[in-house]
Amino acid sequence: MRIGRSLTAVALIGFVALMLLPLYSMVVLASAPDDGDLSGLGFHGFALFDNIGQIMTDGRFPRYLMNSLLIASAVSVLDVAISAAAGYALARLRFPGRAALLNLVVVALSLTPAIVMIPVFVMLSEIGWLNSYQGLIAPFAASALGVFLVRQFALGIPVQMLHAARVDGASELRIFLRIAVPLLRPALLTVLLLQFLAQWDNLIWPLIAASEQDLWTLPLALSSFEGEHGIVYHLQTAAALISILPPLVLFSFLQRYYVSGLTLGGVKR
Amino acid sequence: MTDGIRVEQVTKRYGQQVLFADIDLHVQDGEFLVIVGPSGCGKSTLMRIVAGIEPVSSGRVTVGGRDVTHAHPGDRGIGMVFQDYALYPHLSVEGNLAFGLRAHRVPKDVIRQRIADTGEALGLTDQLKKRPGQLSGGQRQRVALGRAMIREPAAYLMDEPLSNLDAALRVQMRAELIEFHRRTRGTVLYVTHDQVEAMTMGDRVAVLNEGEFAQIGTPSEIYERPATVFVATFLGSPRMNLLDATAHPYEDEVELTSGELKWRLPRKGLPADLPESVRIGFRPESVHARVDDGTPACPLAATVSYRENLGNESILHLRDSTGRPIVARLPPRTGPRDGEHATFQVPLTDLHLFGPDGRACWHGIELAADGQPLPWSA
Amino acid sequence: GSADQPVGSSKAGPQGQVVVWMHEEPANTKYFNAKIAEYQKKYPKVSIKPLYVPIANLDTKLSTAFTTGAPPDLIKVGAWTLAERASKGQLAPLAPADFGAGSLDQLKSRFEANAFAALTYENQVYGTPIDFNSVHLWYRRDRFEQAGLDPDKPPTTWEQIAEYSQKLTNADASKVGLQWQLADNIWAMLNFIPLIRGLGGQIIDESSRRGTLNTPEGIKALEYYGSLGNPKLSDPVGAFGLFAKGTSAMLMSGRFTSSLIPAINPEAKLGKTFDSAIVPSWAGKEKVAAGYSWGWMVAKKAKNPYTAWHFINWLTEGDNVNQQLSATGLVTPTAGWQKLPSASDKASQQLEEQIPYTDFGPVLPQWTETIKALLDSLESVIHKKQDARTAATAFDDAVGRILK
Amino acid sequence: MTTVEARAGAGLAAPAIVYFVLFWALPALAALYLSFTSYDLSGTPQWVGLDNYREMVTSDEFWSSAGVTLLYTVFAVGPTIVIALVVAVPLAKPGRFRAWLRGLIFIPAVMPLVGATVLWQVIYSTGGLADALARAAGVGARPWLTDSDYAIWALLVMVIWKYVGLYVIIFVAGLQALPANVFEAAAIDGARTLRTFFLVTVPLLRRTFTFVIVVAVTGAMQSFVPAYLLTKGGPVNATQVLPLYLYNNAFSYSRFGYASAIAIVLLVVLLIFAFTQFTLVRSDEE
Amino acid sequence: MTDGIRVEQVTKRYGQQVLFADIDLHVQDGEFLVIVGPSGCGKSTLMRIVAGIEPVSSGRVTVGGRDVTHAHPGDRGIGMVFQDYALYPHLSVEGNLAFGLRAHRVPKDVIRQRIADTGEALGLTDQLKKRPGQLSGGQRQRVALGRAMIREPAAYLMDEPLSNLDAALRVQMRAELIEFHRRTRGTVLYVTHDQVEAMTMGDRVAVLNEGEFAQIGTPSEIYERPATVFVATFLGSPRMNLLDATAHPYEDEVELTSGELKWRLPRKGLPADLPESVRIGFRPESVHARVDDGTPACPLAATVSYRENLGNESILHLRDSTGRPIVARLPPRTGPRDGEHATFQVPLTDLHLFGPDGRACWHGIELAADGQPLPWSA
């Protein structure tokens, strides 16, 4: 048993090492003073902090970073709220429109986002939401993925527990907030994370929906290192390295709320 | 509330399986009604129907005179102890207890007080901060019980609320519940497998079997005048002895023959249409080593196969002359030893007669003056 | 900008807001911002609002912006997409008056002779040129020396190039002679045009709107194209990278290469490690070079076209062209630009020399799709997925469908 | 269905319904309409009936893209899910060390794709890290991105590397919701790692699986950014997945009607797929 | 297996709380050992430690002589009935039963046969295709029981396996289990709150309380010679009556004074160092309306507060002259009525004496000839 455990540990560490290998290359590239040696294998000079300094003092990069943080946070929080409510309702409540919602979710999952962009773009321009934070946030205020994920997890909440709360006289809203939401915590955190990352990586929508550079986001900053005749590698990878940090910090913070055994001891079965 | 709980013409099906068809039950306002029945007979389902968490296939449920068949469980004015607890796993014991109160916007200090009181009454004071996952089985069950009691709704549904408690605690909780019922006068529907609970707690007992109520009556009615063989054998442990017999009417007596037994009963009081083929029933505690207070009794010659010593009593497994098994229950350390042969006495007043259809024809207790327990007869 | 914004006119002079979109290029961004400040200082009633879009996303950004009918006033885009936009009525034709010119010809005369070739669609001129390029030959002196070739005598014919390439290619083709710029629409075209046009053929016949690769000239050009270089070589900066590292010894590229290569590999030095030469021709045939240009264009729905053109005109005035060339390497081909101090380098002179015989490729509303088809055929030949004839037919078929 | 429940359900679902109608259902209808038109993103769409669909079925490029997409989907989804699950099971347990490992595995997932693709272009370039590893493994250097036989696999490796961490987290969340005592029972019943995994973990995770499979497949069949950024669909269209073909048609060639038709076909295929998945698991709705 | 189960010096802590410290228990090979104890005392935890699903804080566990303290639960050769069932929710009843067999590569047809047999024995034949979610509480419990039994491992851990069954079924299951144990001769560790189970099923009974075993012995030892007040009052329901008393030695007798009571015991047999301050214990069933077989008995004058009729017996709640509550248990329908005053008899042989430290000093049963149940004494 102990041998098995350490084998697992060794295999895991090996896997993680493999996953991290490209990141080594990344650090090498990001530390280069120029784009001279692009093999990504060995350091030639270490200018990582110079590079980062150069990026951060450029002026627009910090602004893009802040925008990304703001939009990704707003979107993920909104999405969690809307998806949690809808996903729970889909899984555990019977109401008119339930089938319709489920179908909508599946359609949204199956429709290529690129094709949606133009109609949404036109719609937002009609209501004057282009070039505004709300125009960058609203189209992602909910997600099929979020609703779907929450629904799948909510199906695992023992109905008996919800019944108990009903019998206890709790309103459906209270049951949702006080019973379902805490029990769905890992799922909601996951939605939060997924949506945060999706926004963190959202290149095209901020590009087309905002024509103010003040509203642009990180991926556009990264793309800006790509010129007509190639890329400024050492700077771009350094910027990418910086852009890893916020979501990573968010993730390590959220990690402590991923806990198993949330439903332990609730029902005897 | 003026009308307790009514279940009217309720049918419940699971797919093809009909659990009960057109069942009726009326629990009076403030009444404590105990439901007993074999495992899987539908007791929990009935509770859940009343609570509104299991839809009926057809029929009507009223609580306090109001039709609640389609009402939300929270609108029915009931509290429930779930057989499988259904605790909120993410909340502490305190949180579990407080949940219903908070939902009803009970003031904070009242909640605190009630939690303290309930925790005390249930012996959970030390566990208030723990989550269900950190509790023992019995502790969980007490939380489930506490959650229903703390709110003091008009009606309670309790599904085997004491089954996982030790005997001492169970006695205590029983007393607590009786006291609680006396105080709140709530209507209670209570499922149990424990004979003591059924006999001591219920104003009435309802025996559910195969989708219908075999009998509903006061505990002593159920015990002393079981309506069917099922009721007779289901309550009481060890179960009632049954002997197939033939009844021969004589002038003012009826002779019951069963194997080598020949027992005579006074004709008076026996139904006129007593069928010829009957079953005699008598409980293990009715088999006495000797009867010396003059009560008329029937002799029962038998050999002791083996005895079980339960401490407070002994169970003797007997075989009569034709080898039929008979169980007797005697005070501890009394009665014949293993292998010994003896003649036991079964008081006439303890006999029951059942017809071939399983329905009771006659109960010996009718012979007793007023059907009350016999007086002090030293 | 709101509806009551003042706009400029020849009477009122330049004023009001002009929104300019162009692609991001750090050196240019810096220069352009400085110029805006300068211009605004001179014309305080004008406010120029630039938006620098990552180059890969500029077209998408523009397409969507035009969809809502609220595009920017002024855009800087590749001239090859001009026909696409003009054909959809997105662009305003050049207004010579806004430049203070009496006529179009007068305006044209301020520029190099061929400068508007790429900016004309259906006899209408839609923009002014900037970042004007003609592709010529770049070669590694060090590699030439190693292979025993004279670095001062670069090849002048395609036949010579083939011969040199063979000498410069090692056994496992990990080092090659001429390496084309692969996997890129515009560069595929720019590499291929001298080959086919030099033979007297053409990619498409614009009058009959037919693909004409499946002709003896087309097939020969394709076969030649497929015979050089090693398409399996890979570098993050593509052919530029391979050339910068000496993996390839020759490259067809523009004037900017002189500064690009040292930026990629600081050890590569112009004139020492690498050098440039005039575009080769087929033996005994006329020289044909391929070129491209970017253009300043004004949206048809622009709110302030006068000021926009005025600004662009100003950018070509005084010392601005010279400053731009030295600060950004971008050539605005005004007449006599080659005499500017910053145009004294060899590559500028070669560019200047090539301009008269530079071909800017087809001007088509379906340019992107057509050139993608060309790229497909070129790639399948050089990757040996198809022979030249099949690839040529495939291209002609595709063009038939695209231009139908 | 009690009215209270119905009201609550409708109330909780309302924001989502509004959102999905506005941002997905209406665009879907627009796409459906546009798929019967010729529309170049300017002017008004011209009704062309089934022309776009006709062109699609006769286009070699469409079919080759469809083939690439199929390959891409199968080999992006399958390995990602398998690896993620195998890794998630030991990582789902509590512990500081495991939390660390989870964090490390997650790094690629938090890297913007623009950055990630550039990184991989470097890794895959001649003499890059991929070559070094391949040489170390005795395989020898390969033209990873410049050979049409390798490019798709190179792309897949990057995609798997990028997204496996996300799926690990999803599985971890799913695993944490499972009843612990059932695993104790299985241990006592003598089931070992593999048996427990296949007979207890996997079936208990079926809802997470449905989610992961549906999302991974729909995601893979709609994703074009990785291919667009890493290889631009080449060489020789070897990595031109259908959504990239769609994107090019929509935004590069301004053939929005034709692109819409492709989107509709993709939509139908994915709807069929998603609903099959749903009906497969419908039986376990308590 | 040659050594049953050994728990050696095991300590278990939850955070600060020490559940038990350095506890020892040895269940012999083939022995049926019943553990009883108050709710939350650690019975389930002990089981889980033996099963290997709860780590020990320190100490050693051996099964069959092999140290398994760190072994995988599957390597310990045990089967377990979980108090909270822990059924595989995704498998049918059949699948649940078969799971362990499949894990041990039992041939298919054997599995089929055993499922049929077990299903039959547990009365689950009609439920085999259902999933746990579709079963009643009692049915689930039977599946949990069946899952442990079907594999026939060397040792069984059963945590309240019959608590949710009705009395009739419980009798049947008890018999089934006894028969099963007789057949397989497996070592059994069995937790129950049911006195009948504790007294009839166990070879020995271990009473766990506050982190230690208060007594381990045969059922009759535990019942008739409880080592401590705790053991005495914990087993038996209603619980043993306890009266504080003072002991005054006289020539060959000792007089116990308690309130107005003055009882004399023969000095012979009493320990020499009998403390002055003692507690007299006697069980409710030892309070007789009258004793007429000549057994020496002590008189107990008391008034009936109220009586509970359990059908097979009556519980009388009495108050003695100083108002102390005393409980008596009499045959049904006998004894004085509510409010009546009477003098009851408590046989000398049924008395227990406890010292001030709670340990027993003397059990009346020592007076009986051989400590065996008194012979037939008609």
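Note that the chains are named A, B, C, D and E in the order they appear, and that numbering of residues resets to 1 at the start of each chain.
As a convention for this text, a contact is a pair of C-beta atoms (placed from the backbone, for glycine too) under 8 Å apart; a residue touches a chain by one contact, two chains touch by 3 or more.
In UniProt terms the chains read A, D = Carbohydrate ABC transporter permease; B, E = ABC transporter ATP-binding protein.
Model, not experiment: these values are computed from the prediction.
Novice: Under the document's definition of touching, what chains do subunit B and subunit C have as common neighbours?
Specialist: A, D
Novice: Going by the touch criterion at the top, tell me which pair is linked by more C-beta contacts: C-D or B-D.
Specialist: Taking the two pairs in turn, the one with more contacts turns out to be C-D.
Novice: Between subunit A and subunit C, what is the gap in Å from one C-alpha centre to the other?
Specialist: Measuring from centre to centre gives 39 Å for this pair.
Novice: Starting from the mean Cα coordinates of subunit A and subunit E, work out the distance between those two points in Å.
Specialist: 57
Novice: Roughly how far is subunit A from subunit D, centre to centre by C-alpha average, rounded to an integer in Å?
Specialist: Once rounded, the distance between the two centres reads 15 Å.
Novice: So the centre of each chain is just the mean of its C-alpha atoms; given that, what is the distance between subunit C and subunit E in Å?
Specialist: It comes to 94 Å between the two C-alpha centres.
Novice: Quick check: what residues of subunit D touch more than one other chain, meaning two or more?
Specialist: Residues 4-5, 41, 118, 122, 125, 179, 181, 251, 284, 286.
Novice: Subunit C: which residues touch two or more other chains?
Specialist: In subunit C, 60, 64, 67, 235-236, 241 touch at least two other chains.
Novice: Where in subunit B do residues touch two or more of the other chains?
Specialist: Within subunit B, residues 52, 72, 74, 83-84, 134-135, 137 contact more than one other chain.
Novice: Once the touch criterion is applied, which pairs of chains come out as touching?
Specialist: All chain pairs meeting the touch criterion are A-B, A-C, A-D, A-E, B-D, B-E, C-D, D-E.
Novice: How about subunit A: which of its residues touch subunit B in the complex?
Specialist: 158, 160-161, 163-171, 174, 178-179, 182-183, 261-269
Novice: Under the touch definition given earlier, write down the residues of subunit B that touch subunit A in their complex.
Specialist: Residues 48, 51-53, 72-74, 76, 78-80, 82-91, 99-100, 103-104, 131-135, 137, 140, 147, 151, 153.
Novice: Help me check something: in the complex, which residues belonging to subunit C touch subunit D?
Specialist: Residues in contact with subunit D: 59-60, 63-64, 66-67, 84, 88-90, 174, 182-184, 231-236, 241, 247, 366, 368-369, 372, 376, 379-380, 383, 385.
Novice: If we count contacts the way the header does, which residues on subunit D are in touch with subunit B in the complex?
Specialist: Interface residues on subunit D, with respect to subunit B: 2-5.
Novice: State the interface residues of subunit D toward subunit A in the complex, per the touch definition above.
Specialist: By the definition above, subunit D touches subunit A via 1, 4-13, 15-17, 19-28, 30-31, 41, 87, 90-94, 99, 101-116, 118-120, 122-123, 125, 127-129, 132-133, 161, 164-166, 169-170, 172-177, 179-181, 193, 207-208, 210-211, 214-215, 218, 222, 224-225, 243, 246-247, 250-251, 256, 259-260, 262-263, 266-267, 270-271, 273-275, 278, 284-286.
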